[in-house]
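Here chain A shows up in two complexes: once beside chain B, once beside chain C.
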Partner chain A sequence: MSNAKSLRCRECHREYPLAALHVCEFCFGPLEVAYDYDAIRRSVSRTTVANGPASLWRYRDFLPCDPDAAVDIGAGFTPLIHARNLGKALGLRRLYIKNDTVNPTWSFKDRVVAVASTRARELGFTRLACASTGNLANSVSAHAAAAAMEAVVFIPHDLEANKVLGSSVYGPTLVKVRGNYDAVNRLCAELAGAYGWAFVNVNVRPYYSEGSKTLGFEVAEQLGWRAPDHCVVPIASGSLFVKIRKGLDELAQAGLIDEPKTRMSGAQAAGCSPVATAWAEGSMNFRPQRPNTIAKSLAIGNPADGYYSLVQLRDTDGACASVTDDEIVAGMKLLAETEGVFAETAGGVTVASLRQLTAAGHIQPDELTVAFITGAGFKTVEPLEGALRPALEIDPTVESFQDAYRTLQPTEAVA
Partner chain B sequence: MPVTVRIPQPLRNLTGDKSTVSAAGSTLSTLVSELESAYPGIRERLLDDAGDLRRFVNVYVNGDDVRFLDGLATTLKDGDEVSIVPAVAGG
Partner chain C sequence: MAVRRVRFTFPQELIKEPIIYLLGHEFRVVTNVRMADVDETTGWVVLELQGDAAEIDRSLAWAQARGVRIDPVIGDVLEG
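For the complex of A and B:
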């Protein structure tokens, strides 16, 4: 049993049953899960959460599916790291990294897919599908395997090699579409109407997107049951950005934390920055873009939650950065070299955005700031080619090592 | 100038469950008027009170988002394919 009671249009508030529906039939607005918050408040406490499993299912009371029938490969409850070295490099005294690279398929998408696949199975679906920039396809493929469901995953044809491999290994029907993500997404929106499959980010999207709230829940719990002052989140569709804040708000509604005053700031790549561009222009209406960036997991030119992202930036006194490909690679290296966390390009976007927002005075040095690192670096190794220190290659002799090492450290004495 | 219009699930109750319909129009704007006479009620589902495309409706002409073209003023020619797709998907 879950505490979900209906789907509700975010725009016109029409209500719908808890079915595989994602769009309001009247105004095309997005449907969201509505909950019985009284029931949640009665059933949840800090103790019940703390006694729960070390996965996102510890927040079962806030999720729109039956946790006892969960498709569970261990998503969530990832480390929150006090990033002292990175903070020092950027001039932030209270910087934390939410390290979501360590999920079962190495990205935050395991959170949304855990919820979507559980709900899809409850609704009687036997096939999971998705439109993906790579990470989602990886996660859908893995969860389908664990749930003994079929997977049909659609990706742009030009993804990084390991993003492709990271789906194929689980045995899905992998479809490479000759087009960018927005074309893949449009195709899947049309296919979802024609095939009776659970497209996790189309017809099951209201449930799917709820999984992202768990990042907000975890961060608050890991900070000792308090909301951060400031979150910096990569924006692709904008769903993650919006749902992290929703997670914080729901914890307050359930009485687990004080009312959050968290500022929400966004991170985009300059080569795909519809939200950052609209924000810079002071507009609440973004214009779609044709993406051209190494941050392929953020390459959504027509973001479904772009409008709500802009609303949230405005309402929480946030800001939105956009950073170049060179800054993204530098951000990946900086995070790895300061904190030992190897993130994919999207993580480089987040770190570079942290730097930009701090330098511009949008983030204060004493704000308790959390940066969300959403995917692992081995997925996107191509942009690092030629950007890292080469290895020393030597013969297996002391002399050979000394000769080689001396080129790096000419003054170091050897005993 | 007949064009093919692909109708998304939420609008098929207006088109008698048809997923594609044929309609005429020299621009997207006139096409919407034509659709309205054939399928009364469809205009207010596509356009907001100001007469602009609703925020959460994407329209494509031969696969191109009309926001990259001329919006409602986008011209149409014989044989074009117009797709109406809910914007809220993906990511």
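For the complex of A and C:
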């Protein structure tokens, strides 16, 4: 049994049944799950959560599907690391990294797809579908396999081999679409309307997006049941950014933490920065962009939650950074070299944005700040080619090693 | 009869042009504005278009050729 009671339009607040619907028929506003918060308050406590599984399903009371029938491949409850070295490099004394690279398919998308696939199966769907350039496709393929559902995954025809493999290993029907980003996007929007399948980020999007709340739940629990002072979150569609804060608000509503005063700041790549651009211009209207960035997992030029992201930036006294491709690569390296976390390009965007926002005075050195690292680095190795320290190549002799090592550290005495 | 929901985004130089009126005259397509926000520098309109599917496609190609950006109402479907 779930505590969800209806779908509700975020614009006009009309209510709809808990079906596979995503847009209000009257105003075209997006639909969101509404809950019976009295029931949640009655059933949940810090103890019930602590006694739950070490996965996102420990927050079952806050999710819109029956947890006893969960499609569970172990998503969630990822480490929160006190990033002392990175904090020192950036001038932040209380910096934490939420390391979502360690999810089953190595990105935070496992959270949203876990919820979407569970709800889709409950609603009677037998096919799970998506259009993706990487992480989402991997996660949909894996969850469909575990749920014994058919996966139909649409990808651009020129996707890198590793990303294709990360989906195809799970045995989905993989469809390569010839055409540019806009053409693929348009076709998939049309297909989502034409086929009665569960397109995870289209017709079951209200359920799908709820999975992102679990990042907010986990961070609060891992901090000892308190909200952070400041969150820095990469913005693609904007859903993750908005839902992390919703998670914190719901914990307060359930009486598990004090009312959050968390400032929410966003991170975007300069090559796809509709939200950061609007924010810099002081506008609440973003203009869609054509993405051109190495941070492909953030390359959403027309973000579904772009407007709500701008509202949240304004309402929480946040700020939004945009960083260049070179800064992204430097951010990936800095995170790896200081904290031992190898993140994909989106993680580089977050770290580079942390640096930018701190330098500009938007993040204070003593704020308890959490940066969200959403995907693993092995998915996007191409931007690092030529940017890393080369290996020493030696003959199998001690002398050869000493010669090579001495060239790296000429002042250090070598035995 | 097909129904298509789209979002038009107008660049500044097209703000004063009666694009939607002209589209309704040039093509056998019924235009229904459902949401909009237009100011002096930019603007977007969410439209419901009703007509023959091929005629809707032609009307969208015409608007695009005039400089209007056309997106699905639900935002980008292709995710990372």
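To be clear about the criterion, the second predicted complex is superposed on the first by the 399 of 415 C-alpha atoms of A that agree within 3 Å, B and C clash if a C-alpha of one lies under 4 Å from a C-alpha of the other, contacts with A are read in each partner's own complex, and residues count from 1 in each chain.
The criterion applied here is as follows: a contact is a pair of C-beta atoms (placed from the backbone, for glycine too) under 8 Å apart; a residue touches a chain by one contact, two chains touch by 3 or more.
What you see is a predicted model, and the numbers here were worked out from it, not measured in a lab.
**Q** Scan A:346 for contacts with chain B and chain C and give back first, second, both or neither.
**A** After superposing on A, A:346 lies in contact with chain C but is clear of chain B.
**Q** Would you sort A:237 into first (chain B), second (chain C), both or neither based on which partner it touches?
**A** In the superposition, A:237 touches chain B and chain C alike.
**Q** Once the structures are superposed on A, label A:297 by its partner contacts, choosing first (chain B), second (chain C), both or neither.
**A** second
**Q** By the touch definition at the top of the document, which applies to A:135: first (chain B), second (chain C), both, or neither?
**A** Second partner only.
**Q** Would you check which partner chain A:110 touches, where first means chain B only, second means chain C only, and both and neither mean what they say?
**A** In the superposed model, A:110 contacts neither chain B nor chain C.
**Q** Go through the superposed model and pick first if A:25 touches only chain B, second if only chain C, both, or neither.
**A** first
**Q** Both chain B and chain C touch chain A; at which residues?
**A** Common interface on chain A, chain B vs chain C: 22-23, 27-28, 30, 131, 181, 185-186, 188-189, 192, 199, 201-202, 205, 236-237, 285, 287-288, 300, 302-305.
**Q** Chain B touches which residues of chain A in the complex?
**A** 11, 22-30, 131, 181-183, 185-186, 188-190, 192-194, 199, 201-202, 205, 236-240, 285, 287-288, 290, 300, 302-305, 307
**Q** In the complex, go through chain B and note every residue touching chain A.
**A** Per the stated touch rule, the residues are 6, 8-10, 13, 19, 45, 54-58, 60, 63, 65, 67-68, 83, 85-91.
**Q** Quick one: which bits of chain A touch chain C in the complex? Just the residue numbers, please.
**A** 22-23, 27-28, 30, 130-136, 154, 156, 181, 184-186, 188-189, 192, 199, 201-202, 205, 236-237, 283, 285, 287-288, 296-306, 346
**Q** Which positions of chain C touch chain A when the two form their complex?
**A** Touch list, chain C to chain A: 5, 7, 9, 34-35, 37, 39, 42, 44, 46, 69, 71-80.
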